[in-house]
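What follows is a structure written as structure tokens; I'll ask about it next.
Chains here go by letter, A, B, C, D, E, F, G and H, matching the order in which they are written, and residues are numbered from 1 within each.
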Amino acid sequence: MSRIAEHWPQAVVDFDRGARIGLEEAVYCANKQPAQIEGVLTQHESRSHPCLLTRLSPQQFNALAEGWRSRLDYDPISRTAIFLDGRPCGVDPQVAVVSGGSSDAPVCGETVRTLAFHGVASTRVEDVGVAGLWRLMDRLEDIRRHPVVIAVAGMEGALFSVLGGLVGGVVIAVPSSVGYGVAAAGDLSLRSALASCAPGIVTVNIDNGYGAACAALRVLGLNGARSG
Amino acid sequence: MSRIAEHWPQAVVDFDRGARIGLEEAVYCANKQPAQIEGVLTQHESRSHPCLLTRLSPQQFNALAEGWRSRLDYDPISRTAIFLDGRPCGVDPQVAVVSGGSSDAPVCGETVRTLAFHGVASTRVEDVGVAGLWRLMDRLEDIRRHPVVIAVAGMEGALFSVLGGLVGGVVIAVPSSVGYGVAAAGDLSLRSALASCAPGIVTVNIDNGYGAACAALRVLGLNGARSG
Amino acid sequence: MSRIAEHWPQAVVDFDRGARIGLEEAVYCANKQPAQIEGVLTQHESRSHPCLLTRLSPQQFNALAEGWRSRLDYDPISRTAIFLDGRPCGVDPQVAVVSGGSSDAPVCGETVRTLAFHGVASTRVEDVGVAGLWRLMDRLEDIRRHPVVIAVAGMEGALFSVLGGLVGGVVIAVPSSVGYGVAAAGDLSLRSALASCAPGIVTVNIDNGYGAACAALRVLGLNGARSG
Amino acid sequence: MSRIAEHWPQAVVDFDRGARIGLEEAVYCANKQPAQIEGVLTQHESRSHPCLLTRLSPQQFNALAEGWRSRLDYDPISRTAIFLDGRPCGVDPQVAVVSGGSSDAPVCGETVRTLAFHGVASTRVEDVGVAGLWRLMDRLEDIRRHPVVIAVAGMEGALFSVLGGLVGGVVIAVPSSVGYGVAAAGDLSLRSALASCAPGIVTVNIDNGYGAACAALRVLGLNGARSG
Amino acid sequence: MSRIAEHWPQAVVDFDRGARIGLEEAVYCANKQPAQIEGVLTQHESRSHPCLLTRLSPQQFNALAEGWRSRLDYDPISRTAIFLDGRPCGVDPQVAVVSGGSSDAPVCGETVRTLAFHGVASTRVEDVGVAGLWRLMDRLEDIRRHPVVIAVAGMEGALFSVLGGLVGGVVIAVPSSVGYGVAAAGDLSLRSALASCAPGIVTVNIDNGYGAACAALRVLGLNGARSG
Amino acid sequence: MSRIAEHWPQAVVDFDRGARIGLEEAVYCANKQPAQIEGVLTQHESRSHPCLLTRLSPQQFNALAEGWRSRLDYDPISRTAIFLDGRPCGVDPQVAVVSGGSSDAPVCGETVRTLAFHGVASTRVEDVGVAGLWRLMDRLEDIRRHPVVIAVAGMEGALFSVLGGLVGGVVIAVPSSVGYGVAAAGDLSLRSALASCAPGIVTVNIDNGYGAACAALRVLGLNGARSG
Amino acid sequence: MSRIAEHWPQAVVDFDRGARIGLEEAVYCANKQPAQIEGVLTQHESRSHPCLLTRLSPQQFNALAEGWRSRLDYDPISRTAIFLDGRPCGVDPQVAVVSGGSSDAPVCGETVRTLAFHGVASTRVEDVGVAGLWRLMDRLEDIRRHPVVIAVAGMEGALFSVLGGLVGGVVIAVPSSVGYGVAAAGDLSLRSALASCAPGIVTVNIDNGYGAACAALRVLGLNGARSG
Amino acid sequence: MSRIAEHWPQAVVDFDRGARIGLEEAVYCANKQPAQIEGVLTQHESRSHPCLLTRLSPQQFNALAEGWRSRLDYDPISRTAIFLDGRPCGVDPQVAVVSGGSSDAPVCGETVRTLAFHGVASTRVEDVGVAGLWRLMDRLEDIRRHPVVIAVAGMEGALFSVLGGLVGGVVIAVPSSVGYGVAAAGDLSLRSALASCAPGIVTVNIDNGYGAACAALRVLGLNGARSG
């Protein structure tokens, strides 16, 4: 008997974004209903436009219609899905994804999968936090080979400063929400990245692996946007 | 009669940093005494090593011995000084420094001067905040020509999102401590940069023009550190 | 065996409010028990007084007695219910409800339904965030036709400043709790609205679509309260 | 000997703003140098464009050249100055400016002077905080006669809720930074306005009398922007 | 096979407290296990010492052994239980418990039950928030008859200031965690009580009905502790 | 040449407050101009109404006209002044003012002087913080003789809990802004008072000695307001 | 069909830590998957290296394979498990673990079990908060016998200051997340420990019983690392 | 004409503290008046009791009577003074004081001077922050020779974690208020110390060199308090 028919609004997808700035709009699925997600997929299908979905929980994935589920390349750890293949992936990894602890794996995964969707291969160097400094030192030469380093760390985020003082390439910090007490929710790690005593480190939002990957793509110029 | 002779400690300058990661250590002068600053300059002089000083207030500059003052290239707006020439500056500007308001000028200046010290020319595009969107649109083509854009904004930092949606190059946000009430001290602008709806924007600490310039140098690979 | 008989207290409904300031008291249902809600409905029924319920979750709605459920115009997205028809709705929309993303739909819905309850029609313009500026520009002429614009946005809330610089009517910002990390819970978007560089934007509490609608009614003078 | 000539940048004044949204850009002077302020005045003079300056401290005013000082209508309490007359002021006050305490006078003054610059007269009702409720009640009928009420209060901001429950016109809250301890800097009063139990109150930034006046102008439609 | 036998420690009940300061120790049950609660009850039983339990959720109550449950006077709204009768209750109410909204009922209940456990009757005046000021005014004479007024309010807590300006007895504010957005979790209401413009209001922790009742007992001197 | 004559508004003194709730309005002088303060004094003089001024700094006091200065009973430590004698002071102290450290003296003084203005004598017990528990224990019997104890403490505020567990009378905590680092500005001490494990402690705003004294007057019923 | 095989990364255990600093790496299990935990156990098994697991919830423990569960010494209250026996435990307790309330038991347990894993016995003195000061005084002589005292307290943390003023040994404060309202989540207790008026108290993160035990081991020199 | 003679209260010095817990009470001079400081010195003189003064600014020192000034061993960098010699200082340094930057010198000085007052020598290792990791590594063997390491660092405090992972002795972190933007006032460094991924680090309040020294004295047992 509702006088005003309510519905979830049709998304206005920014299909033009790839042409404009070389990065595809990703669908951020947190709090989205199955009908909303399927609506966006339908729009992409009708244009044969590949699509990246982030923050898609297993519960949300399982609530999609089987027809959609079977066509998604879904990874439950990073909670990402890819619809229609993205760009073909390069062979040489150009980004090193370095993490402080194994609990940072979901954020690393979101980063790696976003890069792959845009055709960029990466190297994972995980669980090398500075409490045991040798773990990082053992891998340093390998890390230095990549023009871009994405560092993921929670707790006090000391990894960012140590790495920034040893590596001359681009260092993008992704604070993760790993920790408890004063480190709860990633704010401490975020602020450590911003106030790092090592020069020229840049930062994205807490747990924002997608954003770090996009920043790397801007740096690599693989988004076709740079002419300088 | 003090049993323990107190003195300001001798700074341990990281002269090796340029060789290691391609960025020179800058001397952050806030709260430093004249004797401390002169001690650092003396160390640089004995090695003929150029030196960049940041956050050097006019009061601090005037408290230095005349012998030092006359040999510093000092700019009171950006509160930076250069001792012994840095690298020769390139001709083509590779970085656009874009600001929301004219009160952001000290931060823009610190950015521009740090780049110049490392030999990189830049273009200033100031006072183009989004309350009058035409101001930014008028300059958009010019901005797009640069592979790196450093955006400086205080208050609510909406400039970051608009710029990030229109430009495909690297966008580095520098939140400035311009504003009052809920925008006091730059924290709001910082968080707006981090949570921007435009993909792939990266951020540095509040008012950290030096850090943004260093990040740009990492991106441009002019620090000689990249091999990828 | 309780010595003190405990019960939820009878609500003291402000039935006089409509006559006094032209706005009906709405029943804010968060954390209310079914018996409390039914008690309020009973009071309205005995006076044939229409009633608006907000923040009524589907769980709460389903816990009401069937006799009440069947007489409520309930919308699960906006979590609002209307009991007994409100004022007849005007034909010309006087309010544009503009949102940054499709996840803002529940707040938009609460706004639109509150307006309708008071007899005011509105136009929805959703998912037009500034990361793809063309989406907003495409709808600008339509938006400008309304004397009041209610803007709903989460994350960094850049929509408020861009809109405020382009539209001369009344702009009421509703920060939404959409976002994560530093944008969690809407506080960032709220502060962006308050510190906006565009002049004369006003703000209500986070997710407060009901309050924005009431403010619009005050502006439109349709609450019969203005004599100036 | 500076290789890079530093200067404060020329402001890019949004002269078009009046035509676009009916509100003139004001010059926010906090932290601006005399040369910057005089540069803006020069731009206005060359176009015979009236100009409003806000947050201009007596120290800043006295540092301007005498030629400029003598041509400014300066008020030290509200720290505002008007250059070249604004619009002629109407006779009937359309806005009531109500404050909780006499320490709120600077904010009230900024509000009243901004309205006058745009040609709108107002009524001041000051020092009527709710600790002595009779003070407000004595003036209630007078307040109700105005279509817009701007309420200024610091400390706990209870005035907003009491006023909002008694007045049916538009109520714009301006939290002021009056108070100490937990009320320091206006944040408490701001949040009280936003969370008020009275419906439809809207809020601007702390101490933002200018913004409240602009909002009132949007409401009154005297900015020529509304067509609805 | 645990080398260290782990167990919840035996509580060290402060049975002496009543004699020392006239207030009985209450058992704060949040996060306590059934075995812990039953252990405390056993200690009280062996001394025939009455006991008040607070924050005992229905889930916790139901997890107790039937033998204990049947001997507890349990109230699920206030989440309090009384074991063995407390002091006989006086006839004349000496405390008025006044609340802003019906959602404050759990806190009011904890207050009233704690007072009753110590033998003090009280009057409940609920849902009289200041958005409809007549509701409070209608009850003012009744409220004034009590030497102590305990005021419970969430959201912006304007009730405290209005009441404190109208009543000359002791006013104890209990901020409640009712509200959302900027009023979430009671901190705003707490700060409004502390910064109230009405003189001599005192405050306890958020939702601390037990503490407010204890403070009232100290004031009334019914705890036998005063000699002045 | 100001079109709008600006002035500090005439204060609307709540002379009726004493009759209504038994407490006189005090003039909070922080940020007030000499002319404002003298205006209030003039109003009191014309009615022969005694007046208490708080937060009157030596600078402000010295800026008053000599005619006013000579008639004020001014104390620079507590920054209070009394104009025209208040009520005659009783002989038996009814309030103990207990402090943790000697730096709390200004707050203690504001408390003692406010009580004296209303005719109540008090006992000062200072510098008895719990780091040396014997200091408090030595004075405990004396403290217990007073029906009301006002406790003033900064830093971590442990004094409140220890005192509250040993004294059965009314305990009013006044957090002071003494401390540094995490204890800066009194917020920590405030929260310690509110969350104290000792039952029935009540609290006022940081440094609010005036408010604590008013609360004591409400408790003692010397304000003539209680009939219960 | 995932192009990128996702998996939880293999942990890089710091087996060398014991030799380097005398403390074994513990496995922090919060948010870890069963497969991750079992992977770490497998690594320890292959080296016959004992292992301590912390923050292992009963749900997580029960999700491990039976083969692992039966070989773990698991304690559900402290949520710790020991795999392969640690060092043999000494006879004389060298650490007193003192708590304010019985709800602190999980943190006490984590402390005691970590010490035992490293071969150090301890004495538990629980539920001796300062609201009933006699409880602590009764045990003071016993506490003083230990060279290290670990104090665990939530709420306002007054225990730390009282203890620190009475005991001359090492006092390590562990703030616990016990409390509500302004004491929620342990931040208040943490800050009370840091700002304590008693000299020389040191602090670890909220609820960090493991860290406090490690600090005690460093103090006792039982980690074999000290040569001074 | 003041009816109540106001004075700064006589301090109640805890002369017994040395005997009780082996640490002398220090006089924290921030905000203290000359008369207060001289009063405390007089009390110490009459007992020939040595005295340590902390946070004594040069302004405060110069305001003391010459008779006192000449007898104080004052150090302006650490803002400490010693009255009457403390204990004779040992020869072997037992504490290493390690700092991240030369701006941490005042805190290092307060630490070193407090240790010396109690008879303990220390080694200073300054300006060895982790941005140039070699600076710390060069000094590591020397640092490891001390049973206690006091680490002082501002900004992001990464030094604490790196040091804690490399050193097996006691590590006491002192966060310093060096930094700007998100690192302002030391809170970030404090939280990094507390959340460090290196085990067993303990922390004191921001800039609290005195407290760290006292903690070291407790650890070394040189305060005569340990019997374990």
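As a convention for this text, a residue touches a chain if its C-beta (ideal position, glycine included) is under 8 Å from a C-beta of that chain, and two chains touch if they have at least 3 such contacts.
Just so we're clear, the structure is a prediction, and the values are computed from it rather than from any experiment.
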| If you average the Cα atoms per chain, which one ends up farthest from subunit D? | G
| said: So which of A-B, E-G or F-G matches A-H, with over half of the contact pairs the same residue numbers? | reply: F-G
| said: Applying the document's contact definition, name the chain pair with more C-beta pairs in contact, E-G or F-G. | reply: F-G
| Chain whose Cα centroid lies at the greatest distance from that of subunit E | B
| message | Nearest whole angstrom, what separates the Cα centre of subunit D from the Cα centre of subunit G? | response | 56
| said: Using mean CA coordinates as chain centres, what's the gap between subunit B and subunit D in Å? | reply: 34
| request: Could you put a whole-Å number on the gap between the CA centroids of subunit A and subunit E? | output: 48
| remark: Residues of subunit F that touch two or more other chains sit at 17, 25, 131-132, 164-166, 181-183, 190, 194-195, 199, 205-206, 208
| task | Pull out all the chain pairs that touch, please. | result | A-B, A-C, A-G, A-H, B-C, B-D, B-H, C-D, C-E, D-E, D-F, E-F, E-G, F-G, F-H, G-H
| request: Mind listing the subunit A positions that touch subunit B in their complex? | output: 17, 20-23, 25-26, 94, 144-148, 164-172, 190, 194-195, 199-206, 208, 210-211, 213-215, 217-219, 221, 223-228
| task | Would you tell me which residues of subunit F are touching subunit H in their complex? | result | 73-78, 82, 85, 89, 99, 102-103, 105, 108-109, 112-113, 116, 124, 126-128, 131-132, 134-135, 178, 180-184
| Of subunit E, residues touching subunit D in the complex | 100-101, 129-133, 155-158, 160-162, 164-166, 179, 181-183, 188, 191-199
| request: Report the residues of subunit H in contact with subunit F in the complex, numbered from low to high. | output: 1-4, 6-12, 14, 16-17, 25, 28, 30-32, 36, 55, 175, 177, 185-187, 190, 205-208
